[in-house]
Amino acid sequence: MSLLIKKGRILDPASHLDKVLDIFIEDGKIKRIEADIDLACEQVIDASGKVVIPGLIDMHTHLREPGREDEETIESGTRAAARGGFTTICCMPNTEPAIDDPSLVEFIYKQTENKGIVEVLPIAAISKDRKGKNLSPMGRLKAAGAVAFSDDGDWIANSSLMRRALEYLKSFNLVLISHCEDKNLSGGGVMNEGYFSTITGLKGIPREAEEVALFRDLALARMSRSSLHIAHVSTCRSVKLIREAKQAGVKVTAEVTPHHFTLTEKEVATFDTNTKINPPLRGTEDIEALKEGLIDSAIDVIATDHAPHTPEEKEKDYVGAPFGIIGLETAFGLVIRELVEKKVLSLMQAVAKLTINPARILGIDRGRIKEGVKANITIFDPDKVWLVKEEELASKSKNSPFIGWKLPGKIERTIVGGKIVYSG
Amino acid sequence: MAKLAKLMDKEEIRRALSRLSHQILEKDKEVKDLVIVGIQRRGVPLAERISGMIEKMEGKKLDTGTLDITLYRDDLTQIAHQPIVRNTHIPFPIDNKRIVLVDDVLYTGRTVRAAIDVLIDFGRPRKIELAVLVDRGHRELPIRADFVGKNIPTASEEMVEVKLEEVDGRDEVLLLRRN
Amino acid sequence: MNFKRKDLLGIQDLSKEEILFILETTKSFREVLDRPIKKVPTLRGRTVVNLFFEVSTRTRMSFELAEKRLSADVLNFSSANSSLVKGETLLDTAKNILAMKVDCFVLRHPVPGTPHLLAKKLPIPIINAGDGAHEHPTQALSDIYTIQERKKRIEGLKIAIIGDITHSRVARSNIWGLSKLGAQVRVCGPPTLIPPLMEEMGVEVFYLPEDALRGVDIVMMLRIQKERQNEGLLPSISEYIDFFSLTEDRLKLAREDVLVMHPGPVNRGVELPARIADGKRSVILDQVVNGVAVRMAVLYLLLAKR
């Protein structure tokens, strides 16, 4: 099985490569990267005028399997990923049951092998059943293939447990991903606390619910000298806290979602439940700070927090509807539109935050275009704008506030292990 | 709207109203129970003028009210925009009174039908009579005027427009054609 | 002017002209309420459904009376006997009732934005009868009508709204409406019951009635719920009475011709003493009767057309 990608502009942030070259792929691996490769291949892709980048990596996806297959499955979720240019996605463990046991990690790999079209790497729970009481068997979970640990959806409120989790993980050299939210402050809230919660009468979630939790986590990461990754950073002061912690030598990394740097709390005033997200959409000053964080690398990664919910769930009233929106299929377009086109990041920097940066944090050999590595590659058309249509979304759920938006950077091909899994 | 003719001028209107006032009095000399009620919008100033004329003749002030028929219209489910509801002001009892309803133009009779319904919700008058400045025909209900200023035969595509000092700044009656 | 809206969802999105037009129309309906027969045939053959997902006696009765006085057929649906408990969503319920050919929903719901959800999904007029702490447009319109009736103007008046601002839809709707008509609105309450960035709504914020009441033309007291104590927002209701209720002494700080208002139901002795509630400055009962007229006007404007 061989594949030749011809005349594409190859962009590889890890090696700072930005050049029109051909890529020859054989047996699932990148064999040669040269100009004008003249080899007989089973498949040839003419990528002239297109950009060839490492396959995108999402380190924050909710695939809902097992337990809520009505919302998403590994099959539908990986198809959505492929359509969005992602070749590797990391699924969060807040399933039913939670991924807190090696057998469940194995189940994810098995399902992916049978039904998935991109790579799925499981993130396992920090605490048993995500209850925040006892540590999950982290060593065994890693042995089964877990790539990180998180109780995403909940913060580890018990500071002692958080400290022990951070310490214990050092034996296994994996990162802990924290969902920073002090639920005593955020409890019952459904949107950012501020002018718009005041006028809508909806209960607010103050920025401080995130910041208070973050501050403690940073203190514990410093104390334990462990690797900590902060999920979905949403506030101005969170960015500042992370930046300062990094400067002080704390091993902390952070991610932001496309919706948090694109939409503001103002959207909530329409009462569209596709604006109900946790952490909530914040203000314009937060968006500015998130962008600054992306520029100076206080924020390392862009992750989707893809959170599928059925129309029945999202058609409820604003309080009754669940938090979360899908993101895999719109993430790349939003990155181009909001960051690259607005000159916040260069294309190279933006791609790094979707490829090599998450790969390094997770310690996986992915996210680069280099001879000898697994051929996970995404090709997009920098000049093609596409319309987000509900009926074309591959995700089982359609809860996106971006339906009807025109996005640049149309994904043309998604290639996993040398195999084309999506053609746009 | 194309103007076809001027049917009445200020003086003709004055004379017509004076005649109406006399006829109202002649029909029933007793003014003790007489009440004049104008239908919004141009029936209202007409009612006040008639009331004033009778007051001059008889030296007695009449109870004079205004009435809006909007809430009693029979075509509210057929029109695209709801009409403006105007003031109804009948601050006196009407039981056992002789009421003369006043309007500018009598046409289909539907306005008068609605006005009678309004009055009956205010009480049980002894008698309701109708005075109009112009009767242009084309009735759709079995209604006739007791006192008519001027009978004007019209075609259905024509319109009679009454202008009054109090509302429009001048007194005249025009015949118009719908375009 | 033509009132072109399909729904009445809040005061925030109404223009000054629209508010004035509703108030002007209200005048005509207020007159109907003084007639010997207080019923007009305007909405004969129309069916209005009162969908109430919160306990409410006054607002529901006021709407029902308004509907009946316009000769509409009235269907009452309250959450106590609803099928929502069986997992049916609000939208399902509304669609099912709509299938029976009804002409309008009046919705009271504890969650902000629910009338907007129905308005977007259903082709018939939706009237917001209170959505959580968001808006209660007909109450505010009746309050504003009452002020206008007594003071003959709104512009330039100083109005203090005192109490639990955070949880009050009446406060929000009144703030929008009164500000649009040129009044100066002040809000006052303990800071735990005043939402953040309130000033951006164009009001002045005070933390004690002694400061808020100085020179006001109108004082609007809001109902305080016992729950606020359990939620940790107040030490106790009795402490609240000490510092935030309307006393004769505090009322002396206002203008001599001050009007005292309350959207009801009044906790006598809590927000204000019975003597003030029943006193000559109180227009609480005017608010009630005007509420019926305002609701008739709104129903007329939304329903009396094709």
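Per-chain residue numbering starts at 1, and chain names A, B and C are given in the order in which the chains are listed.
One rule holds in what follows: a contact is a pair of C-beta atoms (placed from the backbone, for glycine too) under 8 Å apart; a residue touches a chain by one contact, two chains touch by 3 or more.
Quantities reported herein were computed from a predicted structural model and do not represent experimental measurements.
Centroid analysis (C-alpha atoms only) places A farthest from subunit B. Relative to the centroid of all protein Cα atoms, the closest per-chain Cα centroid is that of C. Separation between the centroids of subunit A and subunit B, computed from CA atoms only, is 76 Å. Subunit A and subunit C have CA centres that are 45 Å apart. Look at where the CA atoms of subunit B average out and do the same for subunit C: the two points lie 40 Å apart. Of all residues in subunit A, those touching subunit C in their complex are 193-195, 197-202, 204, 270-271, 312, 315-320.
Taken in their complex, subunit C has these residues touching subunit A: 12, 89-91, 109-114, 116-117, 131-135, 167, 169, 172, 195-198, 200-201. Across the complex, subunit C is touched by residues 68, 70-72, 76-82, 84-89, 117, 121-123 of subunit B.
Taken in their complex, subunit C has these residues touching subunit B: 2-4, 25, 27-29, 31-32, 35-37, 39-42, 45, 70, 297, 300-301, 304-306.
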